[in-house]
Structure formats: structure tokens, C-alpha cells
């Protein structure tokens, strides 16, 4: 009977992982819709192809080697079977693999509308096989950074569900890509003024945001890594509650700031506010109270509005969907907010962790982007860009029937 | 070991609440897509902003005070911790908060295309802090109505998952708003003939309906409030089965009636039929057999078709998405259908309950709308309405590239 | 206490069924969006109506008689109560009913853009009451085929979650329909050259694919039929893992083949590749390793590209969404792949099973289509087809505001 | 015969069509256009950046008529479009000469084909 | 030079384009328009309410040609559009005079620029 | 008065509008059109089948001007559209005569209404 109870715990934990994993997988749809809504219609089919392709590549390459690097499990998962200790190994892999896909999705939005599709796929394959698993190994994997220092043991670095490990990492790779790619044609005039390039389908972008919001319950909730005890159940519940509260706080703060600053309730800022709230709470959704979670999210919502404007207009970093601001800048805020409610973490430790992740991911990505540029080129020609990458890369149009301006 | 079993029950119940809650949260996306599909394209970005904004406001205000009023829990949830008795309190809050957001979403559709966004947000804040929690206190909260009578003890009022408490309440607030706002410009000509104003994107509206259908399993299924015993598991399963059956019945009835009456299979009526079936079964999804549930849903599907036509053409109540018919009129039917299969309920008791809810919500909402009208205005100017509220309220267009008629 | 454990197992299994069932129900939305994105805009509202209608009809008719035929349970489910042996009967019905709806959804896409809506609904009613349940009885139901031979006992036929029983069956009914209906007007010129008819909204089609991908975890994962033990939990986890791996393999293979063959990364092929991977693994997601699952999916992705081109250009079978290739041709591949990793199955047995299902479903469907053609006609007039079935069948337009080419 | 081309506010389309029907005009061709004139475009917002949309949505009507109808048609259009004493953006009317008109269905040409 | 403007049913676009190509027309500009003519609009339904859509979708073709081509072009258009003895809605052809044509690429003007 | 009708590449719209503004043109009407000319259409792909899209997206500008403005306007358009020595698809300019122009707002007619 003792055994039956253990089995039930095992079953419940496994089930919980699978359900949470399915929610995170759903985020792939969220990123696709968000990005498809925020690009111009002539680049929509390509970004859809990019998103479904990168998800498939991430799932496959992480199976081939990434998971083994990060947690063990064997090349081609040959060391993995259904069976695990307190829950199924297969469920663990399933849950982890959707995280790496999330990190990769962040990149796809930032380099949208001008990048060669297959160069991106090569980047995705290498990022998900090595770049991400390596920093994952140093953090969640518990290994020391090139044998020099240990983020966990030496610095008490805490990143509950990946504000830094997943989101900021994705943003770092994106930033490297954007710097090398340069802005979209026509984005800045001779005087350096930023010209808005409107997303073609905001309902789609809103749907994507809602999907991400929903999927995030799996992202954060699943990161408790256990369900089948009172303690872990309570923890998961608090994480759900706080994740929701932070997203709500992000929306409200971004909307109010937009209204105050621009005079209008800019929908794109509300959407970014929701995502910023979610990114902000991800590093520590377990310790704050609901009120504090709301505030952490709200600060994220404020930061993202400023960051988008500054990146776009002052730094002239052209990020069509705002991924670097949402996942990178706010991801850092999320890491730094952890010590506010969790005494096990320290600002210094969080900064060292953030720095380590950033330097590694940004540095290796930069090299990889440069290598790809030399080897196969990463940017489509000016004319192809003008015609839209849908035609050049996919040969078809996303909305072939609708007349577009 | 006894303890381990209790913990497992606790964990399973908590997990169940969280999963059901995530499904209900998903309904926010459903309402957004439904409404975004049923308005004209020039009012689409605004209704998206409205929907994501109201969800955020509902989540925040219910945390600040509403939940405390309805169930206790403390201002700012300070009395809430993860821990609960048979499941986590945090999970309970998470589940309850998505209900209040649902009630609020109902209002947003009815007042679409002509209302000032920030006036709506103020309404949402007060509705979710006081108006809804108050009637919730009298029903699910178990308190007596101003100390005069108790709906539960004195009248045996039964509303399993909220046909009345959530849906009819939302519709009552919507009705008050619509009466004060008046119809959209151009909706009725001098002779009072209703002019159709076509929803711009029916695939989006259909997606919204499917999302709501899916989310409703959480809405009704979670309202059993327990899973971790044979009895409650059976109850949840019956609720799922009946919820699905009623929705199916609603679609079929509405489609057949539309075909018979109008000669065509009006898609908008099929969608409303599905929602009507869902609203109808919500007051009592636990007691009917699958066949009876199908019939209850089918009657809801018939009612909604008649109600939409009558409200639109005879009563000249301009409700762009049909929210008052779907949630209000059919919500009442749902309440009245409970005694048919549940002997604990009586028609009188259900009527008293419905009356209490309606009078309270309609009355307070009316006052609130009037107050807002006086204080900050609730309707955009004629010219702004003509140009579309997207430009006035949000400053952007939902589909900036597509040429619209 | 023993009893409490049993109850917990019962509750967990029931909950698992309900969650998996909700995911499968969600596939109805996936098919709707996929098909709505792949037809021309003038036929979009009709296919949405068709999809929501057929789901409702399937749920109702399977309750009336289909489930009883396939598994017992009584006419109108009168033999069904919440209670079951190791999980709730109601949960079992709920899970099973979404399968029959899936089979029916496959048909709707193939006959799109030219079929009479109500003839289709009559077909759906009969298909879900008799045609599908009958072959279900011979396979999952365990009965012998007209008392002649038993697929299970005599041939060891294995179809874990329905590559054949659900997907190939749906495709067989679709093929019969398409042969009788003939191609869309203008699809082939006098010389028999195929003219592309572009899907109007590829983001919608992509969303549909992601929804199906997510729902498929329920489809395959739920088919383990148990969760509450270590063994079954491990099995469910492997199924999730493999389902995801196969879909990823399908995408990659289809994309690479399209790039090599056509020179471009055809998005429609990537989407079909994902679905092909899912269909391919469905007959046996429990036995392969993750790597082998990826390969099974990848072969599915290759097959589907060839099959679509051959059906369209060589055989001149006009299937607007590619349903016959994805679900039929690849479904057969899925059945034949089972013996590769599961020694209980044999190629002969799988072929006999596939043959039995195909002959039965294709034959009876052909008769039914012919009967419907004689009785009420199945094809709209040429002029109605030119104007689009939205106007003729539903009386409205899916995108009334957008100017279409 | 003349071809009258008018640029109007989209919201005036219904009343112009009715007005022209009443005075016996039996054919109109309408096109969505973008107009750039004295009326300034409006300001939009996107991710915090303001920008001016220069071209405003307008409707262009093309109306083939006989020479005698010209005056009435112009009067009617003005009556329908200049509603509150006239505002910038009310529109403009262009008249040009039409050499030949043919009704495809019947092959008729000239004024009776209009 | 003449400008021939034709309003046709959208479904005739391909055959008209082919027909004109065959007789040596090298340039056509097509526009989506809405036509209001003798052909009545169709009835639609929305949430149980019927209404008439007055303007039907049409395609307008503008074809600049030399004077000599006019007759052949009109004949060809009629041949392609009047398929079953002619039906309401088949369309209308308008011809007007063109004073000058310039090809931007080369700066050529006159008939050789057409 | 003249009506100048130009077919240009959509991407030249902004520079043409600016160029014309600078030389004093105060009104332009723009329409989305599909052009079929010497420039070949592009090839697209759908589910493995290639096909040619014959009509390319173009923008048509209609500009009513006085007779004196014609030359400058044509020069300006050519300057804005022929950017790299001229390429197929750069566009075409058509000039026709305009008999009458009326500003609806004021009722003005003739050159001052342009």
C-alpha cells in the first residue's frame, strides 16, 4: 500500500509535468501569432514558417544533444526511458524541451522581416544544441562555469523559472543578431528618425499574448517541479496566483503610462505590458505575496514602455516585436527583483548570474551570427526585403486575397 | 501514511483547481476574439485593449478587496497564503478571480463601438470590487441579503456554476450600460429600422466561441470544487459531459431554427447557439442526464435566436455581440431549468434568486453608469464614433494594411 | 484507507481522461482554423459553420446511438452514469466522443468549397451514428467483423490511438465524397493542368496546426487509458514525448523536401508535415524511442509532400486542404510502422486491419454519398460555387469589410 | 456624353447613391481611393511613436451621363456632400468628355448605352 | 490615342486579359471597383436581419491604345464578356481621348509609349 | 485643365507625393491597382505547384492640374520614379483633358478649384 501511494505520487507528478509541458508547448503558438500579428503582411508567412520550423528544430536538436549536455540523458536520449525517480524522465524531457524552444522563439521576432530563413534555422540548431544548454548546465544543471565558479554554490544565484536563463538568454542572442543584421530598410531616415512599421494584424498579436499568458502558467507553475505533496501543491498554487497577478500589473502599468505619455491607450504597449509582467515574475514567482507580485509586474510594465521607446528611437536598435525589451531588459529586472522577497538571493549574486548568462550567450551568438554571415549570408537582398520575405523565402503570400496598402 | 493520502488528495484537488482555473482564464481570450470578430474593423483594436485591460483590472481589484468581501481573505489578500484546508487557498483565489473577469467581459461586448475606454475601465474597477462580490456574497458566499433573507437557506436558490451569478449578472450590468449609452450611430434609421452592422472577421468570432467552449469545461467542471474522491470525480465527469452536450444542443437548435426561419445557416446564430447552450447548462450541469442536458442547451439555442431578433428589431436595444441575449435571457432560462432535474431547487426560489441578482446588479450599475456619464462622459463624440474608436482611444488601427470598404 | 487509495486512483484517472478529452475537443477548433485558413475567403463562413455544426452533430449522434454500438452504454446513453470501474464512465464517453468528431472533421476539409451544407450534415449524422462506430466496434470494441474474423484475436491488429480507426477512416469517407463531388470549378483546365486555389489566411491555418499539435497530446496521451500507476504514468509520458518528436520530425522533413524540390520553404507543406508526423505516430506512440518517433514522423512528412502533389496533379483528386494525404496516406504509413517497434503487431495484421477499415468506410460512405446525391443533391450550382458558398449557404461573408482580389 | 468623376467622403456614399438614383442616374462605379488634398491627414500612434497618415480614405465615383444631365448631377452631388455649410475634405468633382459608350450585353452605343 | 475603360465581371478578367494580349495590347491596368447598375445587388443575412448589398464587385480595366486599335479592342472585349447571349451585369465600355502618353523608363511619348 | 494619370511602383508613392507637393500640387488621388505591362509577373508557389501572378501591384495617381503645370508635373514624376537609369515597371503617364472642376465645399469651378 505504501507502494501504491508512492505510485500515485509518481503518477500525479508526472501528470502535472505533462500538463504543464503542454501549456508551455502552446506558447509556441503564442509566439507565432504575436509575431505574425506584429510584422507587415508581406513578411507574415515567413515568420510563421520560421516559428513552426524553429520549434521543430529545437525539439529535435535538444533531443539529439542539448538535453544530455544540460542534464545528462545520453546522446539521442538513449539514456532516457519513461521511468524516473519521482516522476517520469520522459515527462521531464518533454517539459524541458519546450523551454529551449521558448528561448529560440524570442530571437525569431527580433530578426523578423529581413533575415534569411535557412540561416536562421542553422542558428536555431546550434543555439538549441549548445549555446542554451551550456548556460542551462551552469544554472539549473548545477555545474560550475568552466570550472571557475559556481553560480549556485558561490553566488546563490536564483532564477526560478528562467527570467534570465530562458528569457534574457533569448534576448541576448536576439540582440547580437539585430546588431549584425542592422535595421530594416526604411526604418530610419537619413536624419535617424524612426519610421513606424505597423504590424498588420493586431487581433492576432493579442491572441498570441493571451496564449502566452495562459502558457506561462505551465512555464512557471511547472518549474516547482513537484505537485504531489501539500507543500508543493501550495507552492504551485502561489506561483499560478502570482504569475497571473504580475501579468495583470504589467498591463495596467503599461496602459496607464501609455495614456499619460502618448495620450492614447496604445494596444501594442498593453500587450507588451502583459508579457513584461510575466517575464518579470518568472525569476521568483514563489516568494512574493499577490500584491508584491502585482507590483513587480507593474514595474516590468513601466520598464518595457521606456525600453521600447529608447531602443527604437535613441539607440536605433530595430526590433520589430520588442523582444529585446520584453525578454531582455525586463528579464534582468526580474532577476534583480528576486532578492526583494527571497532572502536566499542577493543582488550581487543575481548580477553575476545575469552577467554570466549574458556574456556567454551574447558572445557565442555574436560569433555564430558572424560566422553565418560569412558562410551563407544572413540578410536578404534589398529588393527581396522590399518585396517581402514571404515571396523570396516561402514563395507564397500569407493573405493572398486581401488587397494591402 | 494516512497523512500522505490526505496530502495527495490535497495535491490533486489543488491541481484540479489550477487546471480548471487556467481553462477559465483562457475564456478571456475567447471573449476577446469573439468580440473582436463581431465588431467593425475600425473598432477592433479598442475592444482588444478593453478586453485585456478589463481582465487585468478584474484580477487586481478582486485581489484588493472583492475576494475579501465575497469570501473573506483580507484586503490585498493579506489573509491568503498558499495553504488551505482541503486545497490551496491560492488555488481557490485563482479560480474565483477568473469568474469575476468573465462577468466583466460580458459587459464589454454589449457596449462596444461607442463607449469611452477609460470610463469603461472605471466601471470595471468598481464592478469587480463591489457590485459582483456583493451578490456573490449572498449566493456562493452564503450571507443573507442585507440581513433580510437568505437565498440559500430561505429559498434553496441553486446556481451551480453561475448562469445567474456570473452570466446574468454581467448581462444586467451590460443592459444598464446599453440603455444609457443608446444605440450606435446609424444603427436605427428614422423609421426605427435596424441596420445590420457586420462583424469584420467571422473566423475570429468562431475561434472565440471554440475557446469559450473549451474554457467552459473549467468554468463548470471546476465548480464541483473537489476532485479527489470517487464521488467528486464522477460529478466532475458528468459536468464535463453535460456541458459539452448542452453546447452541442445549442448549436443544432440555433442552426435549424435559423435555416427554417431565415432560409440560411447563419453562422453568427450557430455561434450564439453554442454559447447559449453553455450558459443554459451552467446553473445545473450536475444533475441532468446527457440527453436532458442536450435539450436544455437546445432550448437555450432557440431562445437566443428569438431574443437577439427581438432585442435588435423590436426593443431596439443595440448589443453588437448579443451579450444580453446570450448571457442574460438564456442565463435566466438556465436558472429556471434547474428544478427540472434537481429537486432541491424550486421555481420560486430560482426566481427570487434571479430577481435579487438582477435588481442589485442592474440597479447599482445604472447608478454607476449615470455617475460616470456625469463625471467623465461615457460616449465618444459622433465624429469619433464615425472614424472608429480605434483611432480616438488607441491611436492605431487593428488592420492597418488591409483596405476596408 | 485502502479504499481511499482506490478512490484517489479513480479520481486521478478520471481527471486525466477529462483533461485529455478537453485537449481533443480543442482539436475541433484546430480543424476549423486550419480549414478556414486554407479555403478562399468566399467559402470561409461556410466551412466554419460546417465545422461547428459537425462537432455538435457528432457529439449528439454518438450519444444517441454510436457509443452504444461501439462500446455499449445504452441508447441515449441511458446506461451511462458518472460511475465507472476504474474511472468515471462519463469521462470515458467524453473522451471517446471527441474522437468521432475528429474523424468527421477530416471529411469536411476535403469536400470544401463546393458541397451543400445540409447534405454534409446528414452525412455527418449517419457517419457518426453507424459508419464510424461499426469499425470502432471491430477494433477498439473488440467484436469480430460480421462474425467472420477478429482483427485483434486473429490478426493482432494494433492501432494505439487511431491512425487507422480515426484518421484513415475519416480520409476514406472523404475520398469517397471527393470522387463523387468532383473537383472545384476551375481547378483543372481543359488540358488537366491543376490551377492553384490559394488559401486566404495562412496565419489562421498555422494557428489551426498548432492547436491540433497541442490537442494531439490528449488524443494520443489519453489513449493509454490510465494514469494512476507508475507504469501507466511512464507510458503516458513516453507517448507525449514521442508525439511531440514525430510532429517535429514531420515539419523538418517536409520543409527540407520542399526547399530541395521547389526551391522555397513552402509554409503549407510545413503545416502538412507537422500533421503528417502526428498522424504517423498515432498508431504506435508507446513503443518507439524518441529518435525513432522523430524518424517515423519525418517519413510521414516526406510522404505527405509527395502524396499531395500526386493527388493534386496526377490523380486530379481535388482535396483543398490535403486531408486525404495527411490522414489517409500517412495514416496507412502509421499503421504499417507499428511492427517496426512493436513485436506484437505484424505487417499482415496491420494490412488486414487497414483493408477492413478502408473497405467498410469507403464502401458505406460511397453508398451514402450516392444516396444523398439522389435524394437532396450534394453539390451547389455552378453559379453558387462561383459566388462562394458563404453567400448561398450561410447568407453572409466571413470578412465583409476587406476588399478581396 | 460626359464622365463625371467625384471624390467624396466614404460616409456620404449612401446618400449620394440615393440622390443620384432619384434624378435618374442608372449606373455608378465606385472605387476605394486615398486622397491627399487640403484636408490634413490624422495622427496615429504605434509603439509609442507618432506619425501622420497623409492619405485619407475617400471614395471615387465615376458616373457616365449624357450632356444634359451634367448640371443636375453636379447639383445633386453638392447637395448630398456639403451638409454642414461645407468642410475641408468634402470633395471635388471632375468632368471630362466621353467619346463613346458601349453596353456589352446588347452592343448598344451612345447615349442610350449610358 | 484613346483610353478605353471597361467595367467587367471579376470572373472574366483572365479571358479578357488573354484576348487582349492576343490582339497585341501590351498594357492593362486593373482596379477593384464596386458597380451599381441595372443588375440588382444580392441579399445577405446577419444575425437574422436581411439586407441588400447594392454595390457588386466588379473589375475596371483601363487600356491605353492607339486610335486604330479601338475597334478591335472593343470587339475583343465584347467577345470575351458576352458569353451566353448577354446578361445583365456583363459590363460597359467607355472610350475617351488621350492627349499624351509618356513611358517613364525611356521618356518616349506618343503612340510608341502606349 | 488636365488630368494626369500615372501608374507607379508602390514604393515610389512617398517620394512622388513629396516631389509634387514641392512644385505646388495640392491634390492627389491614389488608388491601388494591378498592372499588366512589359514587366513580367512573379512566380509563386502553393502546395508544391508553381504559378505566375500576372498582375503586379501598382499605384495609380490622378492629379488634376492647370494646363501650365503639365510639363513640370511630368518632369517631376519622371525624376522621382526613374531612379536607377530606368527599369521595366517604372510606370507610365497619361494626360487627358478636363472640362470642368468643382470644389464641393465652396462651389468654386475652373482652375482655382484644382
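Labels A, B, C, D, E and F are assigned to the chains in the order they are written; within every chain, residues are numbered from 1.
Just so it is clear, a contact is a pair of C-beta atoms (placed from the backbone, for glycine too) under 8 Å apart; a residue touches a chain by one contact, two chains touch by 3 or more.
These numbers come from a predicted model, not from an experiment.
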Chains touching both chain B and chain F: A, C, D, E
Chain pair showing more contacts of the two, B-E and B-D: B-E
Euclidean distance of C-alpha centroids - chain C vs chain F, Å: 51
Centre-of-Cα separation between chain F and chain E, whole angstrom: 19
Centroid distance [mean C-alpha coordinates] between chain E and chain C, Å: 45
Shared interface positions of chain B, touching two or more other chains: 1, 5, 8, 12, 19, 198-199, 201, 207, 262, 264, 266, 268, 394-397, 399-400, 402-403, 405
Touching two or more other chains - residues of chain F: 31-32, 44-46, 50, 96-97
All chain pairs that touch each other: A-B, A-C, A-D, A-F, B-C, B-D, B-E, C-E, C-F, D-E, D-F, E-F
In the complex with chain D, residue positions of chain B that touch it: 386-387, 391, 394-397, 400, 403, 405
Chain B residues within the chain A interface of the complex: 1, 4-8, 10-12, 14-15, 17-19, 21-22, 25-26, 28-29, 32-33, 36-37, 44-46, 48-49, 51-53, 55-57, 59-60, 63, 76-78, 80-84, 87-91, 93-94, 97, 117-118, 201, 204, 207, 393-403
Contacting residues of chain F [partner chain A, same complex]: 11, 32, 42-46, 50
Complex contacts: residues of chain D adjacent to chain E: 3, 17, 26-32, 64, 96-107, 113
Chain A - residues contacting chain B, complex: 1-2, 5, 8-9, 12, 16, 19, 23, 40-41, 198-203, 206-207, 209-211, 213-214, 217, 221, 227-230, 232-238, 240-241, 244-245, 247-252, 255, 259, 262-268, 270-271, 274, 289-291, 294, 399, 402-405
